[in-house]
Amino acid sequence: MISEQLLYSLAGIGLFGIGLRATLLHHMLIPRLLALNVCGAGVFLIFITIAYAGAESRPDAVPHALVLTGIVVAVSATAMSLALGRRLEALNDE
Amino acid sequence: MISGSDLTPILTIALLVALNLLLLSLFIGLIRAWLGPGVEDRFSAILLVGTGGVAVLLLLAILLQLEALYDVALVLALLAVVGTVALTQSEKSHD
Amino acid sequence: MTNILAVLAIFSGLFFFLSGSIGLLRLPDIFTRLHALAKADNIGLAFIALGVIMLESDILNNIKIVIIWLLVMAASAISSHLVARHALREHRSDD
Amino acid sequence: MIELLWSVFDLSLVLLLLALAWGTCSTRDVMRAVTLFIAMGLLLAIIWARLKAPDLALAEAVIGAGISGALFLSAIKDYPSTITVSHRTPVLQGLINAFTLALVILMSWAVWHGLNMSDGIRLSDQVVAQAPVSGVSNPVTAVLLNFRAYDTLLELAVVLTAVLTVLTLNDRRYSHVVSSPLLQGMTHWLVPLLVVTSGYLLWVGAHAPGGAFQAGAMLAAAMILLQLAFPSRRQQFSLYLVRFLLVIGIFTFVVVGIWMLLLNDVFLAFDPDWAGTLILIIETMATLSIATALALAYLGGRPMGWEEGARNNSASTENEGAG
């Protein structure tokens, strides 16, 4: 049996890589933001995997609090970037 | 509290098999999300994943003995509606 | 005894989930697909919720599960309506 | 047997997650990308539940599957439906691939060390040891609102900054959608239910998974739903109230912090006797602020009559109908 910690941290690293590569490759705003969110999700997954301490014991609360903060900040940043992008489009149309 | 003593090995195995089959069902649904072709087809797949997610969370709550997952399932059920409404009410503005 | 009944209920639910997702994949258009989806949403989740209720001894949690199930039922009806209406409207604008 | 089945479950979850991420990042169809992204959010909520992080599962269910999805869906309304392929030169593409690979290797090394680290100070032990004096028994809430209250204060500042940027840049989006009577009927019972659940999550956050962020996001979802179901209804609330709600969270936090500074000589150091009450007050106000901020962010800009609202609120409600 592979340890679930190893498995999920590999998934986190994979998500991070996929997201980062796509963030750099895309030049349109929305695909880029989606990719950046995927990349961020990978980082969150790594944090939570490190916090996970097996089936019996209670996981570490500190990374959980950090990731909770991260999720809220990520959604705010996404909203801000979308607004910036919309403004930019409006300026280009003029 | 979940009646932990009742969680016999055979029951655990049965629940885990159910969990895996449920995931398979979600996977089949997600193929439709990939194929489309219409927006509606994609979103009906999301609806299936939402309901399937609720079912997975209910089973996980029993298996992991985490009561809080019922709250998560409740929240997921509530938010699935908001998601659908967001999709169907925001369509491309036809000129 | 309760365990056997619970597992039986969960597996009947799974049957509806799997047939719902296969229907979502195989049926020809959005309206028939929504019809398949409703099976998973309503009956599938109902059976799984029933099974989980049998395994869960805490009465408050059981009430929560019933609320979740009622929510998903209502949500599924309204989502299907919205998605189908959206599909109809889009289709009309193509003509 | 049990372990094998868990492994199969974990492996399928992970493969499905990676497939969805790959699909989101590589497809040329914007709608497909957004749908797969929403599905990924739902799957992440399941993964957080599996990894015993119900606090995160709650937040992800509301934000990942609900609010970010709604944000992207409203953003792609007037967006080209196909993603044009990258114009990057082969050299640049090679550089990007090499850079990504290098970071992934570096990260794998760091994670490997993180997983194998056995000695040293484990923060979780300290959190558990100090939990009784934090005023709440949910360790995540204890970390967020007591031990690392600074972080949470600054996070509220980040959310406020983001929403102020949104408000500065654009007027809100308009939707030309005819609402459905069935949807409006549903809104009449669903919105109260969302508000009650939000209050429940806020209250339960002291001793079980839940708290200000989950509750705030839930309340924001209720506001977004109202907006979607009644797109043409004029706002019935004062824009003064909106501004007030937007800053009340951070204002309360700072006031409590300074009060504690005067009392204990340390900014944001709560008395153990008072901590529970203070945390609840701060969290309630933060919930209101987060909800308002996320709902305004969804609108994508200033609501009708935002500027006039500042100068003459009573007159603006009469004038904005034409605009």
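Should a chain be cited, it is by its letter among A, B, C and D, assigned in written order, with residues numbered from 1 in that chain.
Note that in this section a residue touches a chain if its C-beta (ideal position, glycine included) is under 8 Å from a C-beta of that chain, and two chains touch if they have at least 3 such contacts.
Given the structure is predicted, the values throughout are model-derived calculations rather than measurements.
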Farthest-lying chain, centroid of Cα atoms versus that of chain D: C
Where chain A and chain C are represented by their mean Cα positions, the distance between them in whole Å: 30
Computed distance of Cα centres, chain C from chain B, in Å: 10
Centroid distance [mean C-alpha coordinates] between chain D and chain B, Å: 20
Inter-chain centre distance, chain A versus chain D - centres from mean C-alpha coordinates, in Å: 13
Interface hub residues of chain C, defined as touching at least two other chains: 71, 78, 82, 85
Multi-partner residues of chain B (at least 2 other chains): 24, 26, 39, 43, 45, 64, 67, 71, 74, 78, 80-81, 85, 87, 89, 91
Touching two or more other chains - residue numbers and ranges from chain A: none
Chains that touch, pairwise: A-D, B-C, B-D, C-D
List of chain C residues in touch with chain B within their complex: 2-3, 6-7, 10-11, 13-14, 17-18, 20-22, 24-25, 30, 33-34, 37, 40-41, 44-45, 48-49, 52, 55-58, 61, 64-65, 67-68, 71-72, 75-76, 78-79, 82-87, 89-90, 93
Chain D-facing residues of chain A, complex: 1-2, 4-22, 24-28, 30-31, 33-35, 37-38, 41-42, 44-46, 48-53, 58-62, 64-69, 71-73, 75-80, 82-87, 90
Of chain C, residues touching chain D in the complex: 71, 74, 78, 81-82, 85
Residues on chain B engaged by chain D in the complex (per definition of touch): 9, 12-13, 16-17, 19-20, 23-24, 26-27, 30, 33-34, 36, 39, 42-43, 45-46, 49-50, 53, 56-57, 60, 64, 66-69, 71-72, 74-76, 78-83, 85-87, 89-93
Chain D residues within the chain A interface of the complex: 3-4, 6-7, 10-11, 14, 17-18, 21-22, 24-26, 30, 33-34, 37, 40, 44, 47-48, 51-53, 55-56, 59-60, 63-64, 67-68, 71-72, 75-76, 79-80, 83-84, 86-88, 93, 96-97, 99-101, 103-104, 107-108, 111, 114-115, 122-124, 127-128, 139-140, 142-144, 148, 151-152, 155, 158-159, 162-163, 165-166, 169-170, 211, 213, 217, 290, 293-294, 297-298, 300-301
